[in-house]
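This is the structure I have questions about; it appears just below.
Each chain carries a letter (A, B and C) given by its place in the written order, and its residues are counted from 1.
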């Protein structure tokens, strides 16, 4: 593991996050129909992107772990799921904050909200499994299986939740249609905060992964030590 | 492979016939769920086909989870699963047979649930009910495929039952939604077109869970 | 060159941070028997589990018929018979049904005849229709041995085969192993006391704090009585 990559993520985050804050709060013009609350959208969307990315990475790492049985894939999967969970929670929170003034309610069973919530629930289960299950290979493999099945299940969740919504009577909200990003500065801001949140999450992921790797390595060393002692004891 | 599958299935059915508790337990659970829901809904809402469809699926999922746990736990008793792992069977065959056995037990309890549902929710005994059968079978297969796969490990953990429910429920959401939709459409006598998309979702989920289970079970049984 | 039927190559097993087996080397060829003795908790059962691929190794390799145990083909798994501490029998099936079930799994041609033959062989004829749950401890052990033998294996791994067997039962098992060795099979037995195999010179090993060593002394007459009786 090269520490330079982590440092690069950290440096990028240190530059990009203030830049994104500046652009969101100062640079970008206020959107006409939604007013000031629309600015949260520049955090909301990148968080969602990172959340999905984290879950995807966790599933890929899970598949690799099952196939190659190397501890590093398990650590990657765990770290990715944790970061994904963090940003998924942020998506729900920022979504709620936005929904209150715009839709008049903190929470509605809108199809996208519901999908995100189910996703959150999936990974809550995943992390609880890792926290409550004993730290053994079987639990790690089950977690990998859950991550894989979950990611493959996501398209079906999206389709079914849409089906669920369309037949129910619509909740009385003023759904403002597509977010029209007519001003080019809006797109620029979105791009920068996309990069900022990506760098931030990559750095968090990196830190978490390093911790997990250190833990695995420590365990490995302790095992080697115990083995060496056993061999030493056995020798005349 | 087929002989192994048949032998396993035959063994599970023999065990079930001989004082097995899965079917009985599932029937009792379904009965309880239906009674509770009828009382909770009250006479007005309870009469709607949507309520009946919802009750049916609540009964299905609440009885399916413990059902799969019981079936998997039976294999851990006396280390029988180790015996199967030592045998020439492929893990995938063990998985397929286990899913089939659980699904059969659940299908029996589903039949009982359907009967009670008609009585409790004042539905008509007519051909419409027959249309529910494929929907229920698809839902049952998906639930069994999923909970047997995950239950193999969770049944050995301390908080296994809770974890199994927590992991299975969100994954099962698509089938739950599609199943309730389709059942409600059938019970309210809607046209066949309303059932097509839900059936597709059910089938797609079943395919996903069965294929995943078939391919991934070997990593969990080991 | 003959390939070993079962082989351990610097096999090590750890449970958590505890080394239970360290660098065990073992090789068992056709017609040979090995007896592994060790105190309670020495790791005999763990060794059998590891050789069968039931637990993960922390280092080394376990091989059967020249292949890595994790990649053993189904056809080759049929050639192995194993008994462990637990009998792996379905408690609510009768003795006969259990044997028929495992015969079918091993793709025997005539499962019911095969089951009847093994019930007879191990003296279980009288309890054939009893549920495994109701069998006595020794009867259960006999049934577990029948279960392991029903696929006509070439290689058997028996973890404490004589536990709770009476003299007659021990004699039958002795015969079985003798026949197996005579037709070119191999047997690995564990025990907490030394054994001799009649008609064969077993390789004697001792498990001491996780290491497999050649057994120090020949088994004394007193503890070898079981096998002498046959």
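Note that in this section a contact is a pair of C-beta atoms (placed from the backbone, for glycine too) under 8 Å apart; a residue touches a chain by one contact, two chains touch by 3 or more.
What you see is a predicted model, and the numbers here were worked out from it, not measured in a lab.
Central chain by Cα centroid: B, whose mean Cα position is closest to the mean of all protein Cα atoms. The greatest centre-to-centre gap from subunit B, using C-alpha centroids, is found for C. Mean C-alpha positions place subunit A and subunit B at a centre distance of 31 Å. Centroids built from CA atoms put subunit C at 50 Å from subunit A. Averaging C-alpha coordinates per chain places the centre of subunit B 39 Å away from that of subunit C. Touching of two or more other chains is recorded for no residue of subunit A.
Residues of subunit A touching subunit B in their complex: 66, 118-119, 121-122, 124-126, 128-129, 132-134, 138-139, 141-142, 144-146, 148-150, 152-153, 156-157, 159-161, 163-164, 167.
Taken in their complex, subunit B has these residues touching subunit A: 146, 149-150, 153-154, 156-159, 163, 166-167, 169-171, 173-175, 177-178, 181, 197-198, 201, 204-205, 208-209, 212, 216, 219-220.
Partner subunit C is touched in their complex by these residues of subunit A: 137, 219, 222-223, 226-227, 230-231, 233-234.
For subunit C in complex with subunit B, the touching residues are 52, 54, 74-75, 77-78, 80, 82, 84, 86-93, 97, 101-102, 104-107, 147, 151. Residue ranges on subunit C touching subunit A, taken from their complex, read 12, 14, 17-19, 22-23, 56, 58-59, 208-211.
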